[in-house]
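Alright, structures below, take your time with them.
Look at the two complexes coming up: chain A is in both, with chain B in one and chain C in the other.
Let's look at the complex of A and B:
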């Protein structure tokens, strides 16, 4: 069997995912998360009379707390598997990756388990976020002064 | 009320992310990192604040907001304190998300057991 035939065989056996269905689910779930976040922010602004920026920070914290709690209780993994990018791209995905890494490595101890692995998945977001923001900020300073 | 724009903005971002996930070999780690960098880039262009004005929670909930916050911290840090401000200011605004996720995840890890 040559390479092409092998590739054909593998492609034929790999289960096909329904891409358009996935994308629509991601759109609806992601949109719903955004909508809920806006709703929480508006309610917080109304009830506590704080500024918009602070309200979004509170919203961010609440979304993270919910995602962590749902992951710890155990049903959030299923949600993420079903909704895919709809829950991965919002802050929920960031919280879920940290929370599940912490839980998974709990049995390896506090330092070599949780400590060493808690940012295993979210680390790349933090690393490349900081690197890109740092250099973009230098560019921004040069351009805008 | 910008609930509709919040829904559309976050929805379309997730839609694009799902298309990337399904049509390339990239993992969720690649896609979230990519969107963070895009967020910082839009912040550099000055667009991200307009996204937030337009979509509110829709723009602040997706991971690109993290890149925007980091850029904003570094840029405003430089305005206030010069070069050291680039470093000391970078994490100012995103501290909320990082500290929040660390505190919640750690405390909840103490309470809950992993699923087998």
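Let's look at the complex of A and C:
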């Protein structure tokens, strides 16, 4: 059996991932996170009488804090596994990835451990987020002046 | 030819420390089991070192009449097999570290058997361990990340197993063995170890049978290491298509530790999987007389998979005979 034939054999016997089901779960959970965040924003606006923009900033911080706290307490990874991409794509995912890496390397020292590894997973998001923001800003300026 | 026959090699004793999830699976009785992944230590690395130390301590204690353990052969999954190095360092027993990923234990047994057969050594202790969270951290994502996994993924078992190979006659004989060759069938998915390792298992099985002029039915049981449920399907199909061999007397250790309800995807993996099932289930059942162990190992690192290199694999085979 050559390598191509082996690949065919493996592909034939490998169960397919249920992508549409995963996508629906991610859509619903991600949407739920958005809905909760919106609720927090509305409540903050009401209680503290601040503008919508300011309320969103506070909401973002609260969601990050919650995700980090849940990760540190230790049950958020189970939620992430079950929610597929639903909790990874919102800000919760970013906070969770940073927090889980930090927890992993806390024994390796502040510099060589946490400092060097905290953005292990989130580093790509930051780097390519900044690069794409730069290009989108240029496009924005060219089109809208 | 890398097959060897042994006339004078026996297995004297074995000891197991099993992880918290393992003891709630299919095999409930172990020598010792852990209540949590820390095992009373501060880090998972220390926990795994303690697991191996506990195994060696208990084996030495239970076999006080053995005058001298000539040396220890062992290996684990951690980088530079540090776990085993640290576990063995306080025993003042000469040490030989081996690495074939999940085939390390059987590789160790085979080397030990050769030393004993030649008369160079009398008692050799073989040890291996794996720890789910140490493996997760080294090969996959941070422990607390909980990334969703594919159905083909295998779950690294937690446990440590040790055994003493000796020239003293006992009820279990190491009869023969074969060192495998590295196989590379262009597989690149580290989340599909069954597909990566099956060719190595097939290769060493066929080499073994050919060298010793045996038929696959010669064995009451062929126990593969950690191919998992999907890997088992691939193995059977591969043998049928390529060699016309129908594998009836086969069990994969990866499917024998956890229950389906434990959500371990395709099954268990790790170097401890095969000895855990062998010593705590297969040999306790006393159902099989002639057993062929085929442990399979996937020879990749995180760097090689990130760089999209193919994953080579290796397997080693050892044949056991239960005498009484």
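The rule is simple: the second predicted complex is superposed on the first by the 137 of 145 C-alpha atoms of A that agree within 3 Å, B and C clash if a C-alpha of one lies under 4 Å from a C-alpha of the other, contacts with A are read in each partner's own complex, and residues count from 1 in each chain.
The criterion applied here is as follows: a contact is a pair of C-beta atoms (placed from the backbone, for glycine too) under 8 Å apart; a residue touches a chain by one contact, two chains touch by 3 or more.
Because the structure is predicted, anything quoted here is derived from the model rather than measured.
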| item | value |
| --- | --- |
| Fit-or-clash call for chain B and chain C when the two complexes are aligned on chain A | fit |
| Partner chain(s) touched by A:3 [first = chain B, second = chain C, both, neither] | second |
| Touched partner set for A:57, first chain B, second chain C, both or neither | first |
| Residue contacts with chain A in the superposition, chain B compared against chain C | B |
| First, second, both or neither for A:95, with chain B first and chain C second | first |
| Contacts of A:124 with chain B and chain C, given as first, second, both or neither | first |
| Partner chain(s) touched by A:65 [first = chain B, second = chain C, both, neither] | first |
| Partner chain(s) touched by A:14 [first = chain B, second = chain C, both, neither] | second |
| First, second, both or neither for A:78, with chain B first and chain C second | second |
| Chain B and chain C, minimum CA distance [Å, superposed model] | 5 |
| Residues of chain A at both interfaces, chain B in one complex, chain C in the other | 17, 22, 74, 77, 84-85, 88, 99, 103-104, 107, 121 |
| Residue numbers on chain B that touch chain A, as the complex places them | 2-3, 6-15, 17-19, 21-23, 28-29, 31-33, 35-37, 39-41, 43-44, 52, 55-63, 65-67, 70-71, 73-75, 77-78, 86, 90-91, 94, 96-98, 100-102, 104-106, 108-109, 111-115 |
| Chain C-facing residues of chain A, complex | 1, 3, 6-7, 9-10, 13-15, 17, 22, 71, 74, 76-81, 84-85, 88, 96-97, 99-101, 103-104, 107, 120-121 |
| Parts of chain A lying in touch with chain B, wherever the complex brings them together | 17, 19, 22-42, 56-57, 59-61, 63-65, 68-69, 72-74, 77, 84-86, 88-91, 93-95, 98-99, 102-104, 106-107, 114, 118, 121-122, 124-130, 132-134, 136-141 |
| Interface residues, chain C side, partner chain A - complex | 42-43, 137, 141-152, 185-187, 192, 195, 199, 230, 233-234, 237-238, 241-242 |
